[in-house]
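You will see two complexes here that share chain A, one where it goes with chain B and one where it goes with chain C.
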Partner chain A sequence: MHAVIVKKKKKINVRRGIFIALMLAYPICHFLIFWLFVNINTVVLSFKNPTTGALGFWHYKLFWNELTGEFGGTLRRTIVNSLLMLPFNNFILLPLSVIAAYLLFQKVLGHRVFRVVFFFPTMISIVVLTMVFQFMFNSDFGPVNSLLRAIGAGSVIPPNGWMGTKTVSMGMIMVYCLWAGIGYNVVLITGAISRIPQDIFEAGRIDGIKMGRELWSVVVPLIYPTLSTLFVLGSTVVFTLFLQPKLLTAGGPNGTSQTIALYVVSFVEGTQLERAAATGMVFSVIGVPVILGIKRIMERFNPKCEF
Partner chain B sequence: MRYKTTRKIILWITFAVFALYALSLLFPFVWVLLNAFKTNAEFFDNVWRLPKEWKFSNFADAFKLKVGQTTLPDMLVNSLILVVGGTVLSVFFSVCAAYVVAKYKFKGSGFIYTAAIIIMLVPTVGSLSASYKLMVDLKLYNTYIGVLLQYSGGFGFNFILLYGFLRSISWSYAEAGQIDGCSDFRIFISIMLPQAVPALFAVGIVQAIGLWNDYFTPYMFLRKHPTLAVGMQQLVSTMQYGGTLPVLFALMLISLIPVIAVFSAFQKTIIENTVAGGLKG
Partner chain C sequence: MKNLWKKLFVLFAAAVLALGVVACGKGKGTSRVGTNKLRISFVEAGYGRQWLVSWIDAYNAAHPDEPIEVELEGSSQMTGEIGTRLDAESNLSDIFIGLTTNWQSWAKKGQLEPLDDLYASEVDPGVTLTDFMVEGVRDFGKVGQNKYAIPLNDGAAGIAYNKTMFDARGWEVPTTVAELETLCNTISAAPGNIAPFSWSGQAMYWDFPVMTWWAQYEGVENFNNFYKFDSPEVFQQTGRVKALEVFQSLICRGNGTAKNSADGSMSKNHIEAQMAFIQGKAAMIPNGAWLEYEMRNNIEPGSIEIRMMPTPVIAGAKTGADGQPIKLNNTMAGDFIIIPKLAENKELAKKFLQFVHSDAMSKLYTQKCGAPRPFKYSVKDITDLSGFTRSCLDIWENSVGLYEISQSPLFQVNYVNKWPSYGQPYGVMITDNESPQTVVNTMYSYVQSQWSSWAAILG
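The block that comes next holds the complex of A and B.
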């Protein structure tokens, strides 16, 4: 009798194993090919000579020479542009989002409508969003310029247009990222705040704490897990941002709004795959530990309470 | 008492700032809408006035626009193939993976979830070159199947959302099924999946909108058959100088119709679903 049960159980376990394996088969194969193999092949490609197929450090040397050489201004500018995205995302965009989300949560007049409107850009294709943004700042017919002229501030319009002037092009990319990106953050953070139990706020209010104090000492610690994830994601943007500059300015003028990822993508588009791989490798080798390190540090500060 | 006044003032300032920002989001689309009904000459003459005559034919003209050999209806079909195929595949494989990881204990089940999150965060900058090479080597470059394969991964954001949802639904019905002798497969299909339908629907809508809007994957791997997003981008670059801009505006509006329709119908589901998980690493 006992042996029969054990045998039956074993049979169930084998069947269960088969079931689990079947359910995971495709996703794991997909991962192995489209992530693991692709990434390993990136390493291999980066050492390959495109004409002879021999392995060597050519593309790394090319990169180093460009970086340190006389004509490496664009590459150095590219790296600075990308690095600037970290403080921009984490110390401008994120705090602004938190403040806006907190205020939205205070049931400002029309908060329901605002929530939907703020979320609206998340639903729109980046192609359309960058297009309307460009139209607004267009030199021939853009409403922004006519508005500025109407209020007598026409002199602030950059000489070659907003997207075409060297000194402002990267700034415009950031303005776009703020304009198109803050809404999603605000809606997301408001969601996190609304999961905080109401009585915690009430306890604070009985003690008579003011809004600034409530935001900093109650809300921020309680939504910390969401904030730390946004912080880490905001840091990866250093290595991943490329569609916005590609569509808004094509990295121009003269590479002044180019970013690391756009630089790599442009090599792929020119089918210089090996060079793209090597350039990407340099930044991955620096980027991956930095991002994982930031994640670690953020977790260390976690006050360990969440809802 | 004095604090109450300060609070009120802060909230009014907030309202003003929010209203301005909301206006900045909506105004460009109203502007595009009004100018989509003008002739080119009228548009350049005065962008601010309402159209003298509402030129609905701009929308008909938009349907005649072409990128290479591909007409607008062709682009719509290309987009639809990728949206429908990509959504079905990615939601299906995500729910398969999320289900066993959330509901069964086996070697590596905890590891898979952690790995999925870390992989999403890790920036693999140069891997586009190897993906491109893989597509070319497998002769999948410029094919629908190639793009659909790229979309069909089971461990992305959908996995994490569905994992969170599946964990929260009760296992007791499944246990009852087990006692009745249902196989694991049967429990998944007839007991657990029906409970997950609302979540699958929500994830599917967000995924479909994302794929409809996706520009880069089809741009990189399906140049021969441009989708609406890719075709539109090419048309802007050519039409910005010397094209009929109001027709381009009409095209943009056409591309927005499905998204706005879906968003208005399921606005609550979409926002709740995006916000629900709260993005915790």
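The block that comes next holds the complex of A and C.
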């Protein structure tokens, strides 16, 4: 009897082992190939001479020379553009997303339509979406320019176009990010709000609190873990945003809407892989502790309840 | 002990899976080694794929006993993928066809198959591939002592115009820059709110006429000397300043905006700019021989006729023995054909490439996509070509071709190009009102400041 039980237990253990192995195999493989291998390769590549293959600090020196030199204006502007995405994402896009999600949750008039309007852009390919956005602001047939002219505000239209004016192009990328990105945030935040027990809202209403107070004092603290996750994700955009400027403005005019990631990608497209790797390494060395720091700070303020 | 076994088992399973994934990545589908199968990856862009399909059909018709099976992989982003695949030694096709890029760096890394035997082979009776090439591109594929690439196409790039509009309004095609400037004034003053030019600020095709003006002023020899990049001094060529001065007088208003241009040109991508031209919002557009094919779905049959004009001649252009300015054509040739060193079916790939570089196949290419190839063949007897294609081919046949070919390691690793530091200078000339001389001086200073660092890297 005992032997049968031991045999059965062994069988169960083997099955468990197989199950665990199968479940772990994919993430481990993914980690080994697409993270560990790629990153080690990138580190080595960043030190490689493009012609001899010898190792050295050449491309780090080129980066430093460009950053600090007379001709580094575009690179410095690139860094500023990317840094601007942090306050934009976290202090403009995120609060607007919270407000939009709260209003949808409150079932304001037309909430079903707005839900579709907010979420629709997240389902469409970014290539199509940027094209639609460009067409909206096209000088020849874009509805935005036609509308502005119709209401007598044609003078607002930049003479070099919305995407081709230095002082406007980066702003247009932000407007696009707001238009296309708010839906993603709204979906996550709406989910978090809907998990808050109704009793809490009812108690607030009995106390006579208004919508603004409810949002600020009840909803925001109770969905803080979701917000802090979105805050951290919004911060990483500083180092990852490249498709939007590439497709909307090609980083122009004159590099004024270029971002760090687009700068790195431009080296890849020019098959200067070693230079791209070195530049990427520099920004990773700066970016990783910054993002981890932001995460740590957000966790410090994390209230103990979560919905 | 049990836990140890469990851990070992998990690690083993992970390793097996990892190896499986890596092995899968090494190739795509079954092996083509020693078979009649070829895989060709190519940029499917302005010229489409019909030319390649026709080549394959012709090959199979000529080799009924040994037909080939070709898997075609077309992508507009293929050029960017080739380097990654070569580096990863993964998903390699037998032939890659890409757009202009510094493929020479792949040859230097030993990732490409030398094609010297193909260059020396006969493509037609008594004619080797080298013999068949036009003089200007014979060193196109050269890196060190070997040749690793074949140029795909030749062409004509400069200024295209709306012939229907020109004919209806009695405008003459300008032959000099002075006439072009006068024409711009005439078009701007004409009723109908037509702009002289439509162009894209995101893809500055102004390079096409500007490079021709530069070469017209400097002469082809000096233009080619620039691409040797022997010293930073080449960046100070007067022709560069003169060519940019033509652009400045045509387009820069001097207050941060553009003149003689369709609304919002700085803001447009190349498709938007071409749409504006096709819709008749502008009379001319800086563009290339691919314009008509790329926009074929947007041109109503019979609605407009477009043509390419020979690039108007700059004041002070070099003249030939007859005292007339030498006719130059910016070919924008740079697209390439390569065979990876680790390709599975290299011999069949070479046999196929030998076949498609004959006189007949070159004509077939031109017939299918409208572009010429940089080989010595006549395009006169090719039928069924549009007026636009014919105008491009006339320019190509009757001009000296300009080719951006360089053996300089600086160029091959992409440290220098014709517009260093700024990228294309047209944007800063329009929005920042920078003068051509300032632009050229800044580029020169930049190259001078970087020269020793680059030299140290390249040894």
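Points to keep in mind about this one:
Keep this in mind: the second predicted complex is superposed on the first by the 285 of 307 C-alpha atoms of A that agree within 3 Å, B and C clash if a C-alpha of one lies under 4 Å from a C-alpha of the other, contacts with A are read in each partner's own complex, and residues count from 1 in each chain.
FYI, a residue touches a chain if its C-beta (ideal position, glycine included) is under 8 Å from a C-beta of that chain, and two chains touch if they have at least 3 such contacts.
As the structure is a computational prediction, the values presented were derived from the model and not from experiment.
Clashing of chain B with chain C is the outcome of superposition onto chain A. Look at A:Trp216: by the touch rule set out above, it reaches neither chain B nor chain C.
Of the two partner chains, chain C is the only one touched by A:Asn49; chain B is not. Ranked by how many residues of chain A each touches, chain B and chain C are led by B. By the document's definition of touching, neither partner reaches A:Phe57: not chain B, not chain C. Of the two partner chains placed by superposition, only chain B is touched by A:Pro143; chain C is not. In the superposed model, A:Val268 lies in contact with both chain B and chain C. In the superposition on chain A, A:Leu24 contacts both chain B and chain C.
Within the superposed three-chain model, A:Pro159 lies in touch with chain C and out of touch with chain B [touch as defined at top].
Looking at the shared chain after the overlay, A:Phe91 reaches neither chain B nor chain C. After superposition on chain A, the stretch of chain B whose C-alpha atoms clash with chain C is 222-230, while the remaining options among 150-158, 168-176 or 222-230 stay clear. Residues 17, 20, 24, 26, 28, 33, 140, 268, 273 of chain A lie in contact with chain B in one complex and with chain C in the other. Interface residues of chain A, counted against chain C in their complex, comprise 13, 17-18, 20-22, 24-26, 28-29, 32-33, 49-53, 58, 61-62, 65, 69-71, 134, 137-140, 158-166, 249-250, 252-255, 268-273.
Every residue of chain A that touches chain B in the complex is listed here, in rising order: 15-17, 19-20, 23-24, 26-28, 30-31, 33-35, 37-39, 41-42, 45-46, 100, 103-104, 106, 108-110, 113-128, 131-133, 135-136, 140-141, 143, 146, 179, 182-184, 187-188, 190-192, 195, 210-211, 225-226, 228-230, 232-233, 236, 238-240, 243, 247, 260-261, 264-265, 267-268, 273-274, 276-281, 283-284, 287-288, 291-292, 295, 306. On the chain B side of its complex with chain A, the touching residues are 3, 6-7, 10-11, 14-15, 18-19, 21-22, 24-29, 31-32, 43-44, 47-48, 93-94, 96-97, 99-100, 104, 106, 118-119, 121-134, 149-150, 152-155, 159, 183-185, 188, 209, 212-213, 215-216, 220, 229, 232-233, 236, 252, 255-256, 259-260, 263, 267, 270-271, 274-276, 278-281. Chain C makes touch with chain A in their complex at residues 2, 5-6, 9-10, 12-14, 17-18, 21-22, 80, 83, 87, 101-103, 105-106, 108-109, 201-203, 256-258, 262-269, 272, 275-276, 279, 281, 409, 413-415, 421-423, 427-428, 430-432, 442, 445-446, 449-450, 453, 456-459.
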